[in-house]
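There's a structure below that I have some questions on.
By written order: A, B and C. Residues from 1 in each chain.
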Amino acid sequence: MESVLKVILSSGVGRAGLALFALLTGISVYVLVSYPLDYGSRVWYNPAVWADNPAVKPPIWAKPGAVPHSVFLQEEPTEVRKASTGERRLYRFEIPHPYEKPPDSLSLTLTEAVYYSRPPLLTVSLTRPDGRSVRLYRYSPPAPRPGEEAPYVRHRDSPHRVDLGADPQVRAQVSAFLRDEYGLRLSANELRGRLMEILFGEPTSPEERGGPAAFRPLPGTYALEVEVTVFDRRDRIGALQAVRGGETFGWMGTDSLGRDLAQGLLFGFPVSLIIGILTSVLATLLGASLGIMSGYLGGRVDLLIQRSADVINNIPGLPLLIFLVFIFGSNLFLVIIPVIVFFSWPGLAIIVRSMVLQLREGQLVEAERSLGATRWRIMFRHILPQVGPYLLAQLIFFAPSAILSEATLSFLGLGDTSLPTWGQILEGAFRTGAVYRGYWWWVVPPGLLIVITAVAFMLIALSLEPIANPRLRRS
Amino acid sequence: MAILEVRDLYLYYETPRGPVHAVDGVSFELPEGSALGLVGESGSGKTSLGLALLRLLPKNVDTYKGSIRLEGRELMELSDEQFRREIRWRKIAMAFQGAMNVLNPVVKVWLQIAEPLLLEKTPRPQARARVEELLELVGLSKDVADRYPHELSGGMKQRVVLAAALVMNPKVVILDEPTSALDVSIQAQIMNLLKRLKRELGLSYIFITHDIALASDLCDYLGIAYAGQIVELGTSEQVLLEPEHPYTQGLLESIPRLRSTRLPSFIPGAPPDPVDLPEGCRFRERCPKAFERCTEMPPLLQGKGAGHEVRCWLLAGR
Amino acid sequence: MAILRKLLLRALSLIAVVLIVLVLVVVVLGATGFSDRILSSVISEEMRAVRQQLAETIRDPQELERALREQRRELEAFYGLDKPWYVRLPQDVLRVLTLDLGEARTVATAQGSKRIQDIIAERLPRTALLFTTALVIYFLIGVWLGTLLATRPGSKLDRVLSYFAAVSFALPSWWTGILLILIFYFYLGGLLPAGGMYSTPPPEGGLARFLDLAYHAILPIFTLVLVATGPLMYVARTITLNVAQEDHVTFARAKGIPEGLVRRRHILRVAAPPIVTGLILGLVGSIAGSITTEIVFRWPGMGQLYFQAVSGQPDESLIVALTFVYTMLYALARFILEILYLILDPRVRY
């Protein structure tokens, strides 16, 4: 064990590999403690989580000066005015927008509304830098159902989200706004897909315009105001959240569902390391035990093991891997890893067997046998430790191919969908045509991480060449 | 007249730890038709000397200088190409150490022997005939010609290597531990073969071995090598009967004798690190007779008369 | 004679492997109930058509149900669903072995044939084209570079290419393909096509068609070569380096053999058999690479067909047939390389 470490550290390749491996492990540990274990099903594959995010946007560092993605959350009103019955509560979101272009989207989400008599009324409007104010949207949570008792709780588990850039109600309101303020006649239908451009801009003057209505950006500070009229002082609003969708998002961008790729990529670290380590440990254990048994017991057991090893060695891996995972399902721990292990052990078993055959004739084993040690005892107490360093080297050799096999299965759509992996992120990218549209941030990083992880193991394995391949040891 | 005259030959290898002094100022003469035995422990630079004589230098050579005269002609002045064409195998051949790995595993025996001939455009049937003649000369049957090396035993391989060395009628044959990989009965056969060849073909040998008894059986002259240098040189009689160097004496005492009750004694310790040699005499740390001067200055090779030379401070006083 | 016996033994054991794989596939399909499920869904589909037909002629609902039940029983007998899988499937194995591969459910050839035999006959050459061309190229480059590097170990080129080898070991061919599409199709403005085998519509005329095919094959072949060259190069380098240090090489030099000949006859020739072994060991990876590369580049070969057979609506006959054909193909490629090995190395000839 110590000697193996010394061999790794004695070469530049080994040190580089070990450093990379340490980095990967560090990130994995961080992810394991900070992410929930059911992250896959609860977050990654849950579209509601990502509803507010812009779809397929590059990372923020890739496009400096782009409109960033901003989230504004308010749990308490900015201002409260008493009314004859109940209150008017004002939630005001200041949105600085010094950009020469409209944002990608603007949305508002209401989480939890509790009322005692009548449902509260929400009125949303936008005040622009030129002082003009646009009424956008009105909303009341569903009324009490027959037989329901106060307080009435709404939107606790399913928040109410409105996309202010696409909602028909908003379109109608903006159409009216254009008519009243600028005398422009554009039907709600004609506004489809143009709301942001209009809300965050002003019409070009008629002489500039000539043709159909055009809008120029209007930089400045915008205020999104939500007035909540409650009819009982006890009524409560949980939180209001305004989101301005950016042209960029987060450190790694988003995919077509608006998922934050940084999170998926991070979660891939522990998954990938676990696949690499678990598979190689199992394959080494299996290969070594079968090899030792085969070499030490000889006879029929030997024949059986060697024949099986020979057959499996002669099977083209991927087609069978695809077949087995397809039939038995994509469970990572119950199917994918065992199947990869099943295809990995033979080479090792064959080599260990020949090592054992040499050792079996050795004096130490001879002496033990004459003292009456059992075969199992000799096998595991004396032979295993002697082939140990070699096994450790082999162990590391298995990891990269296991990682790559899993990634390939995932890429083929046969991955375990309870855990996001780099291969699955790439599968999504390829299936939705991200490659042809140049969404590099969705395509390059996951593959790069697969390669880096495999290379980390590879470099360590290369530095162990003198142990794994004694032929090279001589000068 | 000496067919081969070597003066101050040096061959150092470059290593990360510093230069390895494998051949460190070696001089000797080899009279035509005689055999010089080079005796020394493993690592004393014997093989390196053989390689140096054939200019077979590894990539990491550090120093290679001196004078090698063959039939009066200075070989160090030849270009690499000339050396390869005119000297290797045509004048000096070498039967390498460890015959097991010396033959190319995927080429038939006869082609390996005939290779230099065929390179000279000798017609194949003639080359083939020459190979069969040589095989018989070294005591192998003709049909060995069409076999591959892995089909031969160790002794047979050694004979093939010898046959290969003789194919171009060389003047000098360097025999590097020709028998050390073989068991004793076959060893004796090969030694007899060597004696016969020397007699019949008038060959000159440089016989490299770690076994002084074996060398004394074949050789007219003996050179005792230690840590890259020759520490004693003379005729076999001089060296065997009047050994002067403590190392030679130690070597002789380590030979088991039939008619003696004295147990063979071995020289304690190990040869020095060829990268980090001790100051003074290189044998100092193992020498039973070492005194102050031995630590101060390295001894020079001193003539004792009649060509007997010794590298030891004990002789300087006399 | 000895060599023939050896070859025969290898051939037999490879045939045994193919058989075992086939049985394994069939048993897995049967024992998991997969085969039954697929067959009954096939039958249900056919029954829908039958029901419509019968409903037009038979008015009486009871009569209709009876006729339908009768029909279903006939279909079940036809597909063998009335027998348990372990009775039905040995027949399947025999059928496949006689190269009667059955019919595909949705895929068809350009001529519209649904016979899997025809489909594979159409696709196999396409896969072979990609696979063999790449194999020849990466073999030549890998061996050439590897043996070249062995002449100057530790040089800058050697170190750079060693790292390249480690990276290319770790490079999934499909991701490499995706990257190449991103570069050569997207960023370089469609310099090379992103996939497919011919342009749409394919050009007229033999030469134009061939050039179009070559144009489409550049990226997939480049992908396979890029991924496979590194490992082979590394293997070739290590082996050559080892052989160059062996005593027989010094012996050859001592004989006065010129350096070029020493290199060819005494180093490369001796290194050849173990390099072929390296190639054999890389074969599994190359087959896997060719499957995923076909998928990425939508190359209509067997790999893409396999992908279609397992994704979407799974096609049992196609899966069995393709697993069988791939195993055969692998065994065949391996056998050819082993013959090569036997020719190259006299030590294993008897």
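As a working rule, a contact is a pair of C-beta atoms (placed from the backbone, for glycine too) under 8 Å apart; a residue touches a chain by one contact, two chains touch by 3 or more.
Only a predicted model underlies this, so the values are computations on that prediction, with no experimental measurement involved.
Comparing chain C-alpha centroids with the centroid of the full set of protein C-alpha atoms picks out C as the closest.
Across every pairing of chains, the maximum count of C-beta contacts belongs to A-C. Centre-to-centre spacing of chain A and chain B amounts to 70 Å, using the average Cα coordinate of each chain.
Averaging C-alpha coordinates per chain places the centre of chain B 57 Å away from that of chain C.
If you average the CA atoms of chain A and of chain C, the two centres end up 32 Å from each other. On the side of chain A, the complex with chain C involves touching residues 13, 310-311, 314-320, 322-324, 326-328, 400, 404, 407-408, 411-414, 426, 429-430, 435-438, 440, 443-444, 447, 450-451, 454-455, 458-459, 462, 471-472, 474-475. Contacts from chain B toward chain C in the complex involve residues 51, 54, 56, 84-85, 87-90, 93-94, 96-98, 101-107, 115-116, 119, 148, 150, 161, 164. Within the complex, the chain C residues that touch chain B are 246-248, 250-258, 261, 265-266, 269-270, 272-273, 344-347. Taken in their complex, chain C has these residues touching chain A: 13-14, 16-17, 20-21, 25, 28-29, 32, 34, 162, 166-167, 169-172, 174-175, 178-179, 181-182, 185-187, 194, 238, 242, 245, 283-284, 287-288, 291-292, 295-296, 306-307, 310-311, 314, 319, 322-323, 326-327, 329-331, 334.
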